[in-house]
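Note that subunit A is present in both complexes that follow, paired respectively with subunit B and with subunit C.
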Partner chain A sequence: MSSQQLNIAAPRSGDIDPKYLRQSASSSSNREMFKWVFMRISGPILLVLIFVHLFSNLMVGDGVHGLNFGLVAGKWASPLWQIWDLTMLWLAMIHGTIGVGTIIDDYTSKDRTRVGFKVALYLASVAIIVLGTLVIFTFEPCMTDAAGNLMDNSPSFCFNQ
Partner chain B sequence: MSTATTAQQSPPAQKKSGRGTLYRGKEGMWSWVGHRITGVVIFLFLLVHVLDTALVRVSPEAYDAVIGTYKNWYMALGESGLVAAVIYHAFNGIRIVLVDFWKKGTKYHKHMLWAVMIAWVVVFGAFFVRHMMLVLGG
Partner chain C sequence: MTTTFEPTSTTDDAGAVDSFTVTMQVRRYQPEFHEEGYWESWTVEMHGTDRVLDALHKIKWELDGSLTFRRSCAHGICGSDAMRINGVNRLACKVLLKDLDTSKPITVEAIKGLPVEKDMIVDMEPFFQSYREIMPFLIADESQEPTRERLQSAEAREAFDDTTKCILCAACTSSCPVFWTDGQYFGPAAIVNAHRFIFDDRDEGGDMRLEVLNDKEGVWRCRTTFNCTDACPRGIQVTKAIAEVKQAILARNI
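Up next is the complex of A and B:
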């Protein structure tokens, strides 16, 4: 975005010390702006994704009593729900990691403490994002045991094959 | 300090409700406190939620066993608390976006907080009634 800068006339715009102008913004303040924008774009998207997620899993049919392996298998048979859940996972985890990171920045005064909490946060976030992504992409609805038999509680459609 | 100064009218008594600031102790601060607390709660749940869902890669039995422990009234109350946090965080988040991007956002930020609270009561109330009926009915 460095090619062209908008120059909108503002009061006292000639008096601003160059160090406060966006042209000279450091990479760290660009990162802060990216985080600020990301929160405001991902937030409303997450509202839709999560409200539909909660409604379809808890409010229709038998609600929480209908939750079981078969329900997950049925949903992830459709690419729509796979993409839905994958988008929700990534956006929610990044949104949450930025949010908790801001809280860590606010309440830790020592560099060592801050870096320690941040490293733990980032490691946990990466682990959960990788795990969740693998689960969605490697999901197997009809799992078999070592002897090749279908496992207990497998969804009914596995037995019809 | 001369006696003349002390004889002058004393300044109005400081009230606890943050006189001299537009923020502290008022709607702006409390909505921010609520946003932080609900955000952390949701994030911690999300870590656990991905882990319990990952059990679908272990075995159908393992997943059903863990999900089965959610199907009672006390876990349903916990879920309701979580959903209450999600709904507040979602609606107040929209309010924050409007404060930042809507021309009149800063003027109406208090009105928007009341709108958030009303929408929260309506949406959470509906969720809570339906969720508890499903849990207790089954």
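Up next is the complex of A and C:
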């Protein structure tokens, strides 16, 4: 055996080209985990919320023919439907925003494009959530026209006042 | 995708292997000569016992020596010759030509998501970097080493038996649509190899590995498309392993 000192640099041991190093985004938060859990939990809840919503609006009573201002106004006079629609609004908007955000991440390659789409997405989501919440809580079911008469299709309880 | 091969009794002598012609359509990338990749086809006479790798060998050895691909053991163990065969990631040494539809050209491409260097050869370094980062080695109490064996029950071993089979061929990671668009994603192979140590009861570095995979580019990128499970030449239930790592991170943090 030769006593010649072998000095071969071990490949890929500590001497890694910086271009291969992960651009580490501070990983100490559980943000991604909570996002994932939120998607898993909100999904099934939304299934129930949405299908009951569709059933009560489109199948019960006159069905799709009874769908008018009065029906919506009547529903929102009840705290149950207020809470129901509020939950549906928030869960659906946050669930959808996370989902669309993922799609944007998938299909944009330039940072500027991605940031642009994300900003537009978040602004739109916040606007819809705020507006929707406002409408659910400040809704005036008994609207009157300029002459003070109740609007057509007003819910029945308006006429009893 | 696969069609069964009907043995035809055209040969009289029993034991003779049927032969047939097959067209191999190969995605070439020769950066010295062409900036872009292009398709090149060869029609070769092959036998019923031949694999895709044998067809590539025949082309390289007899028709065009410039065809470039990796292979070492050629028997499904070293994991060198993962490639995209008819659009799915397979080991060229494990796919028999007769199991494919030989009436149509068989397409062979480099695996996706990693930079192609030449023909079927890709830069595997990003793949191995993710593998390194999950610390694929035993982390155990140093006070007792190496005085005695680290004994383990058969049941404890069973928990991670499936993920010990990985040969790091990158078929799973390069079949993952999330990895295609987000090259920073750790990928199925790194998670499988982390699983192999996280669920090993002799190992004490599980928390560190779970912390690594709780990253923005960690297990939460997985969208359970099952491409990895389908691609794995070792039959590892990759998506299941990823789900188990997700559960472990959840259990640790909640």
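The rule is simple: the second predicted complex is superposed on the first by the 123 of 161 C-alpha atoms of A that agree within 3 Å, B and C clash if a C-alpha of one lies under 4 Å from a C-alpha of the other, contacts with A are read in each partner's own complex, and residues count from 1 in each chain.
In the analysis below, contacts are C-beta pairs under 8 Å (C-beta built on N, C-alpha and C of every residue); 3 or more make two chains touch, one makes a residue touch a chain.
Here the structure is a predicted model, which means the values were calculated and not measured.
Undergrad: Tell me which of subunit B and subunit C touches more residues of subunit A.
TA: The partner with more contacted residues on subunit A is B.
Undergrad: Let me test your reading of the model: by the given contact rule, A:111 touches which partner, first (subunit B), second (subunit C), both or neither?
TA: neither
Undergrad: Quick one: classify A:138 as touching subunit B (first), subunit C (second), both or neither.
TA: first
Undergrad: Tell me which partner A:62 touches in the superposition: subunit B (first), subunit C (second), both or neither.
TA: In the superposition, A:62 touches subunit B alone.
Undergrad: After superposition on the shared chain, which partner residues are touched by A:154: those of subunit B (first), subunit C (second), both, or neither?
TA: It touches subunit B, and subunit C stays clear.
Undergrad: Per the definitions at the top, what is the overlap between the subunit A residues touching subunit B and those touching subunit C?
TA: On subunit A, the subunit B and subunit C contacts do not overlap at all.
Undergrad: Mind pulling up the subunit A residues that touch subunit B in the complex?
TA: Interface residues on the subunit A side: 40, 43-44, 46-47, 50-51, 54, 58-59, 62-65, 67-70, 72-73, 89, 92-93, 96-97, 99-100, 103, 124, 128, 131-132, 134-135, 138-140, 143, 151-155.
Undergrad: Under the touch definition given earlier, write down the residues of subunit C that touch subunit A in their complex.
TA: Within the complex, subunit C touches subunit A at residues 125-126, 128-130, 132-133, 178, 181-182, 184, 211-212, 214-218, 220-221, 246, 249-250, 253.
Undergrad: Given the complex with subunit C, which residues does subunit A contribute to the contact?
TA: 12, 16-17, 20-25, 27, 30-33, 35-37, 105-107
Undergrad: Quick one: in the complex, what on subunit B touches subunit A?
TA: 36, 39-40, 42-43, 46-47, 50-51, 53-54, 56-57, 59-61, 63-64, 67, 70-71, 76, 79, 83, 86, 90, 93-94, 96-97, 100-101, 127, 130-131, 134-135, 138
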